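Please find the structures below.
Same chain, two partners: subunit A is paired with subunit B first, then with subunit C.
What follows is the complex of A and B.
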């Protein structure tokens, strides 16, 4: 101990015993300390990467041009208006070098081709991470509050969704995710206000339960509540994992709260419904294009049909025959706002369809719950459950108000600070993981979690996560000029007799008119300028397909002559294109020389037959509509305007704008107007 | 050679320019040395004479001097940091990132400022403990103790106002909490809170206000009180002598002039 003390004191004396020497030593130590900071600067990570890049390109054929474009030092993309300071290119030097496409080592890889120039919006706007950082750890995986780590590549489309509120062809996952948010009814409970200020609306059409007792039994409701997907594989109703007692009480309340709807219960079953020929019903089901909206599971277990209406695989297990008959006769009696058209079937047809659909039952699917009569205590408990579970957020239920803000607002979920999230043990602590896990199994986040497990596949969950991640803070604060608005339904409704008729036929369930309606069938906003009244009348009477490549067809509604006239007159007058001047229409009948000139232009100069069929015997074009009868269908003014500029009449149509001269367009219009009857070409007069 | 150097030095010191700046003149007499201290605006705050043993490490542990040293480091690094810093939202935080990632030795500069600030707070407390336990606050030094307490408060306020300037989460919430404490003062609490933040919540106004406090008002106040503090050391009879130490018999307190006080 003493010797150590002696040693220390002798060293101390040797170093600091003399004032001058002590001063010199302290100065040297200070110098060395001050040299650490510039040395750290010099040996920084990005210096090493830039040196690595230089040595990598020196072995390549185009080393000289690569080196000429190489800029040493900190590189930065700076866009103050969107808050971008990205120094990623300091290390990622080769992002813009097309010749480095074969390089696989990071950080030197070339960036894949994207629609924007790389410098235009920077990197972090899509990839997240900390842009100003110049070290890998800080840039990619910062632990700072308010800084997101790099976004996994599979969610990258969420970046596009911050500006693009519309559906892009390059972002299928994002588009699907947004669609699912509406389709799975997420936005019934959660508020999602998109950056352009509109509130997202659900498209899952949850049925009203005001008259549920007319439609089905308490036993079926019980079985459905226990597992909706057992009844219909495509059901979007989540499985709430209710106990038998809870499901029983819920069904008791729903039946007791139901009010009978006149016309449902007092309908007498048409005897033919019971012994109608099932095969006739099947063919009527096909002819009426029920499968356009309704799906049925085939023997292989695959769903065949559309997803607009409910799946009908086991509909016979569910509905009461009297209700089904009344529904098919006129669905608007039971549900005023249903998307289903009022078909105007004859009583015989109603009976056939009812019989056919009632036969769609599954003997393995038992609704035999033997629940008996409900006690008041059960009903009261059922009502309590309805309020607790938020059933009324989706369904209309007598005596229960639709809850406001039942679930958290998701408008800025894509930037939710990590500090506000509660992660499960072992979970990767990032926002995408949190969102995906929450959708996958909300129950694992605690028994008090009210959110049900939404029946989505893994891919659908990734799509939903992508769409939610696009709802970031940045998307809300983006300058307006960078924001691309999405499509929003207008509130357009046709008025008058025709309007009532169109609502009854649910035209807008398939067609879009003046920005309102679905995009399944052609937009009818300018239909009155396009078609001839006579053709429209005959098409409504007996619709046929216009495009051989498409299988969906317009259903036949059995309209009366008077109804058809009302509709035709209204469409011809009201749905006119402002781009077409009806007073300056080319003549419908033309001299044969002009017709012949048009025919030659059609076949040789513009080669229209590669997509269209003008002569069903010789032409094989099938992409565009068949033109064999176009002379009876379209108006000459429309054909002329269409040839001049198709996109002006129907934005987004794939028909190319070939810059056809006035003269050529006039000649081809003359030719097309001569194509009048099927199969026969009257052009060669 | 040394003779030649001395000659040149002598010439310089006798030149008109030199004499016009340093009035005490050349010489090693007690008078010259006393004048050298007294006639410099910076040094005249200090005693012209101190007891030699008061300059030993054990008597003060140099705590006051070290505090002053950290204060000078803070002024130098602080001025350099001001060259890179905008007291605006959200640029303030971006400037932190620039200092961290692209300014040469920026991180060193910032860390030096931060660690010196921590050290200064620690040293101020240590200094006060030493003064307290040695009883150096007693007459005639009561007033200088009070000045010291004011300096403690200024140091803490400097530390607190500097905390907001990085404009990160830590800063934001620390100042939110701190200013809410001020709002708990009876009767005038909400007024103080409003005055402090220039508004009702921590935002751009608060940042600007704290910046001005941190870089101008508080440092000037500190300098003023440091001057008074040092002046009072001289006026109160120099550095404190531990009275309880037994005097050596027959030895009068040896006094000697010191040229360098620091």
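What follows is the complex of A and C.
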């Protein structure tokens, strides 16, 4: 005890025995304390990376300039209004160095080219991860914070989607993902309110089941419910993996709740349909361009045709002939809002098409479930299932209300805190993994999960996940000035008698007018400024194709003369471009010298024949419309304006703007106006 | 003074193959029942996909014996540069002698050389397969050229896109024709795309796009042309003098 005391006092005396000594010691301690912070920096991870960077650039040709731009210490990008505090550049020193594009060792590689300067929005806004962190693990894996690890590269487009509500050319995956949310009907059950305040609408057009018994049988419904994709591989209806008993009860309820469609079927056509020659129906199917919207599987197993309407490979196994015939005659009787046009087929044509489509059946696809008549207990249980599974969220069903908010709101799913998610054992604990797994196999999250398995491929699932990740908190709170609005359909409807006719013909299932409609066929908003009335009338009578290379074509409707006139008059008056002044139109007939000058320009200076055919004997251009009769089709004012600036009249057209002078444009307009159809020229003589 | 070529990305991507990660299946759990002496590509090579994504079609290779007949039950291991994932990374050949794997590309745009190796009788046999990953800019270029250019520049016709190549009096080159396009400088490409064929004293059948596409768009198309080049594009200036 004593010796310890002695020891302490001797050490004390040795250190602080006199003032000088005490002062020196205290100074040393102070210095050491002061050195802790720089030493910590010196031995820190980022400092090692910065040294690594310096030694990597030291043997490069441009070492001097690289070193001049090197900034030591912690680097930070700070943008309070979008919540960005990113120190990534502390280690990723070479991000902005163009000459480091060949470096593959991270963290020194140059950042690939993107549309924004790197400093403007920082890094984490796209890549996620923890911006303020200064260690590799915390920045990338963020074990401590428990949120937002680095986003795998395949979802990177979700970053763009936080500001860009519009479809960018450079973000195909995001665009597809957003499209799938609507197309696979996800938004029928889930609310998705995009950051610009609109609620996403589904585009899958699930059929109404109010009159389902007119259309098909209980046995078919049963077989379909058991596996929709066995009937049509392209079906977007999910497979609910129902037991036989449940599928049987559901079909019982649907048939029993169905009410017969008002209006009777013209029974005289049915025998004719039975006798109709399927090959005649096949060519009518082709001529009517049904394949623009409907697909049929060919012998090789590939789907041929569009996906606007349902696949028709096995339609003969599904529908009742009387229903099909009534539908082809006028689909709007069964479904007022269908996208399908009312073709005005003659009874003979209806019979031919019905016969042809009924022959589209597959003997391997059996719908013989032999369910017989339903018992009241089955029907009651079927109704219970309809309510439980939320069938009415997509389909209109007699006596069952459309459920509101059937599934969770996904408007902010892209930043759902990990703590609120339930991960399966062995699953990587990140948000993208959770979303992708949930889409892939909702059932694996427990038998109580009502969400069905949506029939999407792996690539489609990645696109969907990307779109969902873009719905982040940040996207909702983004300052307005940074937000780029998406395309939203207007509510435009053409007016009057012509408007009714256009609705009946479903023009806007393919064409867009004044911001409403589909973009499958040309926008018609300025059609009245573009074409000549007489041409339009004859085109409606017999639409010959203008672009030989297109597979989608304008169908031919059996329009009466009066209906055609109504449409033509309306289009010519209502759809005028404000950019074209009819009073300043160049003349339709011109002196031969000007025409010749235009011809020269067309063939040599601008080489238009590379894409267009002006003379069917000599030209072969196959990309743009055939111009051999353009003088009878288009108005001179439109041709002139088009030559001057095609994108001003039709945004996004691939016709290059060649910066053509007024003089050249006038001469080529003169030339093009001489290209008339033979019939027209004879008529004049 | 020694001159040291600093390899461009293409080469490095092929040589840092050791860093590859394996997906679940490991070679050790597989029990090969046969060995072959040759390995050939069946399908799935020379594909193009965005960085970080899975190639549209799986990579299929076939193992053959010395008679050229397919071998069933032979081990095939796939390797690639860092970031490339194979599912599975090791597999036994099926009854038609084929080994199939899904390939996820790495996060860097460029040419990826992946390998398929089978143990062989005397020594391992390795096959090199090339795939291309498109970064943001290259992918943008790919989309734009598909819309604006490929109808003339790509001689292949499909139902969705009928080629106009045969109709042109002067034939353009396909954008992967490295033989020709690698010789053109970026400035020349920019000039002919923006101002049309006559800008380089070439045919006016090549239209000008300077008023239709933004400079960013044209740069993106050039980036696409460069990454697709076969043989690969190696810009001048990748050789540095060591200090």
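In this text, the second predicted complex is superposed on the first by the 628 of 685 C-alpha atoms of A that agree within 3 Å, B and C clash if a C-alpha of one lies under 4 Å from a C-alpha of the other, contacts with A are read in each partner's own complex, and residues count from 1 in each chain.
As a convention for this text, a residue touches a chain if its C-beta (ideal position, glycine included) is under 8 Å from a C-beta of that chain, and two chains touch if they have at least 3 such contacts.
This is a predicted model, so every value here is computed, not measured.
**Q** Touch test for A:85: subunit B only (first), subunit C only (second), both, or neither?
**A** In the superposition, A:85 touches subunit B alone.
**Q** Looking at the overlay, what does A:583 touch: subunit B (first), subunit C (second), both, or neither?
**A** neither
**Q** In the overlay, answer first, second, both or neither for which of subunit B and subunit C A:38 touches.
**A** The answer is first: A:38 touches subunit B but not subunit C.
**Q** If you count the residues of subunit A that each partner touches, which comes out higher, subunit B or subunit C?
**A** C
**Q** Counting only touches as set out at the top, which of subunit B and subunit C does A:132 meet: first, second, both, neither?
**A** After superposition on chain A, A:132 lies in contact with subunit B alone.
**Q** Figure out whether A:113 sits in contact with subunit B (first) or subunit C (second), or with both, or with neither.
**A** second
**Q** Touching A:404 in the superposition: subunit B (first), subunit C (second), both, neither?
**A** neither
**Q** Now for A:607: first (subunit B), second (subunit C), both, or neither, which partner does it touch?
**A** After superposition on chain A, A:607 lies in contact with subunit C alone.
**Q** In the superposed arrangement, which partner chain does A:74 touch: subunit B (first), subunit C (second), both, or neither?
**A** first
**Q** Which of the residues in subunit A come into contact with subunit B in the complex?
**A** It is residues 36-38, 40-41, 74, 76, 83, 85, 87, 130, 132-135, 138, 144-146 of subunit A that touch subunit B.
**Q** Which bits of subunit C are touching subunit A when the two form their complex?
**A** 6-9, 12-13, 16, 50-54, 56, 81-82, 104, 107-109, 135-137, 139-140, 143-144, 147-148, 151-152, 159-162, 164, 166-168, 196-197, 203-212, 216, 219-220, 223, 238, 240-243
**Q** Can you name the residues of subunit A that touch subunit C in the complex?
**A** Subunit A reaches subunit C through residues 58-61, 63, 101-102, 104, 109, 112-115, 152-154, 156, 169-170, 172-173, 458-459, 462, 549, 551, 604-607, 610-611, 620-623, 647, 654-659.
**Q** Please give the residue numbers of subunit B that touch subunit A in the complex, ascending.
**A** So the residues of subunit B touching subunit A come out as 90, 94, 97-98, 100-102, 104-105, 107-109, 168-169.
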